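Next come two complexes built around chain A: one with chain B, the other with chain C.
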Partner chain A sequence: MPESEALHASHVLEYPYSRSVGPVIGAFLTGLRDGKLLGVRGTGGSVIVPPTEYDPATGEDTGELVEVGPGGVVESWAWVPNPLPKHPLARPFAWALIRLDGADTAMLHVVDAGGPDQVATGDRVTVRFRPAGERIGAMADIEAFVPEGGAS
Partner chain B sequence: MSAAAAKAKRAVRRPVSIASFAQSENVRRDDQHNEVEMLMPVVAEVFANIGITKNDIDFICSGSSDYLIGGPFSFVTALDAVGVWPPMPESHTEMDGAWALYEAWVLLQEGEIDAALVYSFGRSSPGNLNEILALQLDPYYLAPLWPDPVSVAALQARALIDAGKGSEEDFAAIASRSRKDALSNPKAQVAHDIPVETLLRDEYVVSPLRRHTLPPITDGAAAMVLAAGDKAREWSDKPVWITGFDHRIETHSLGGRDLTSSPSTAKAADVAGVADGPIDVAELHAPFAHQEIILKEALGLDDGVTINPSGGALAANPIMSAGLIRIGEAAARIASGQAARAVAHATSGPCLQQNLVCVLEGE
Partner chain C sequence: MSGQTTAEELGPVTTLATPIRLDFEFTPGVAQSRFLRGLEKGKFVGQRCPTCGKVYVPSRGSCPTDGVPTTEDVDLGNVGTVTTYCVVNVPFAGQSIEIPYICAQVLLDGADISFMGLIQEIPTDEIRMGLRVEAVWVEPEELTPSLASVRYFRPNGEPDADYETYKDYL
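Right after this comes the complex of A and B.
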């Protein structure tokens, strides 16, 4: 059958369900709404960000929540010259694994820098939250990280 | 477990052979067949290769993902490719067929069955892989940002470059070699001979990954028959034996891992006994070119090992089947006499999160 004869129809599949995020993820997301970044103490006192109810290295329960950031260090990054429709920013940006000050693990988010020559591994960045009235307790409450010292 | 204990444990395992393997053509877009129609000729071929029918097997296990097809319980429908009557014991993994193979192998170890059919299918073309694969990530911290698979892999590639373990030239060399090798693979989707210098002129999709370092988007299916006991000898004069098999996983937190290494692969390789003897051929499921470097190190493969003579996932990457195909390709090298001992690898999740290692030997 030639391509032109194949029937096509769009079909949207959804799995609509809601989840309870629990005491640790819930605290982190509530922290974002309040403009704070939280980590959690894992085995041996290391600070895991974003926090989980267990330490992935040992499986043990994690402990107290601790505030981290708002600055941090880029551990790896990838430049997106052509953002996709669902990406957090509509203009070219960098994905980055960011180890926030006080944390022992890195968190994925985006860095809003002018171009690929303005971001590098080891760079310091700082969080840029959305305005308080727009925050809902989700990762998108962080608009982006930006180079520390205020470029872009 | 000590190395000696692990070796002793492997020695008492029930020998299981890969009696037959078949795969479809791997194509960018197959609009003309649904999943059942894609699978039917592959299942027919995997039986015909050794002159058996569905009645000769005791168990069926499949690997696929509803997210690709866009419909729940699609694996139930897919059973039509084998025939649902009379009913027989059947299972499914929402994973690459390599893990369905592992489940069938475990059941064969228990000794109550002697033969199993494993199949997997993935039509990547109907949906948007960038969005579908973002949904496999952590639903609270990662998926809401919609990081696409290329972006996530690019973070790993950058980390590899920063660690001095690889360069863009190295990635291009892997892509160039793989697709050149694919010229002799009739099932390959992307096969050509393009030198590294030319490839390095490609644009970045997400830097540091240029177009050539990405896997193709592929529709395809694969099937395999496993046999133990008398059936292994009955169905092959020179059986290809599974002599080591293990799979391991790492945390789903990308920032909690060292993306430049693969401890889960290393652990699986240790338990599977990769280092118990020389390896002639390795079929590695490295969808992105740079991942071959990480896997080669984790598996302890030296430069004498032929890697991905099929072209690997850079030549055809039917999601949910590309891992099972690695095992089939490695088995084919042993069956043809080109290799005596081979290792096959399958991966799942972002940045090589979960890894399966299968050691194969002839006799």
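Right after this comes the complex of A and C.
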């Protein structure tokens, strides 16, 4: 290599942030670790998932936690044909807004559906959790949603 | 579930790890690559400005005062002078050296700019401006084109440098 040639190297910069989650998101994440999906009751009895401390429409405090799912409906979706290293699945998948049974809002997560011709708005999907021993209280405790009664 | 930790034992989730990771492909450029290749050979290589004659280490490839390319490589010695220093007593995430330790600006003999180095083999209450130090390198087979090739600087036993010799480099 000639002396004049410039060197080259990969360099990783990582900030190991840790957030405190508060009582409501904390309860939701604890629920995920326990294999349960939790929402919270907002103004007028609507159920917000993931739960928030305040109703986003009225700003009022939210109330009791309620269990939702495990099934739900795909409200909209986008196919990811070439997943990136940071994506939750290494194979092609759909990002989807999923309204869980018993919820009035939709939650963003992954649908593991095999191909873009196997996911559609209005489809029924159901949650697939990671095994109990691998769950840590994070969104990734949900491995993916899968078509209800489907082959995936 | 026997043998597994129960949810009661774990307690509620209160924190969430949210690391932010940035993957860079870095090139130091031609001038700094020379400096780094010098480190791989166990020596400090600077460059001299053809106009003002100042020697920069590591060189950025041009003189910031005169705005001209620095083309002449200068092999610098292993010995320099502590111009300023800081004793680090505060622990922080990712710290790789036991506290307290000394971080200092070292002005290598023949150079016109200091750079930061770790000072070891001296009690932290004996560090001082003007201390003469020498670089301690890693074993020859461990040399890489990186500042990690310099383990640290240590006192070389010479009398302290006269303030006049480094007062323009503070």
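Here is the rule we go by: the second predicted complex is superposed on the first by the 135 of 152 C-alpha atoms of A that agree within 3 Å, B and C clash if a C-alpha of one lies under 4 Å from a C-alpha of the other, contacts with A are read in each partner's own complex, and residues count from 1 in each chain.
Criterion: a residue touches a chain if its C-beta (ideal position, glycine included) is under 8 Å from a C-beta of that chain, and two chains touch if they have at least 3 such contacts.
Nothing here was measured: the structure is a model prediction, and the numbers come from that model.
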Chain B versus chain C as contact partner of A:Ala138, first or second or both or neither: both
First, second, both or neither for A:Ser76, with chain B first and chain C second: first
First (chain B), second (chain C), both or neither touched by A:Ser20: second
Contacts of A:Arg41 with chain B and chain C, given as first, second, both or neither: neither
First (chain B), second (chain C), both or neither touched by A:His11: both
First, second, both or neither for A:Arg130, with chain B first and chain C second: neither
Touched partner set for A:Leu29, first chain B, second chain C, both or neither: both
Contact residues common to both interfaces of chain A (with chain B and with chain C): 3, 6, 8, 11, 13, 19, 21, 25, 29, 86, 138
In the complex, chain A residues that touch chain C: 3-21, 25-27, 29-30, 33-34, 86, 132-133, 137-138
Footprint of chain B on chain A - complex, ascending: 1, 3, 6, 8, 11, 13, 19, 21, 25, 29, 48-50, 52, 56-57, 75-81, 84, 86-88, 95-99, 105-110, 116, 121, 138-140
Touching residues on chain C, where the partner in the complex is chain A: 4, 7, 10, 12-30, 32-34, 36-37, 93, 145
Touching residues on chain B, where the partner in the complex is chain A: 31-32, 67, 70-71, 130-131, 134, 139-142, 144-148, 151-152, 154-159, 162, 203-204, 206-209, 251-256, 259
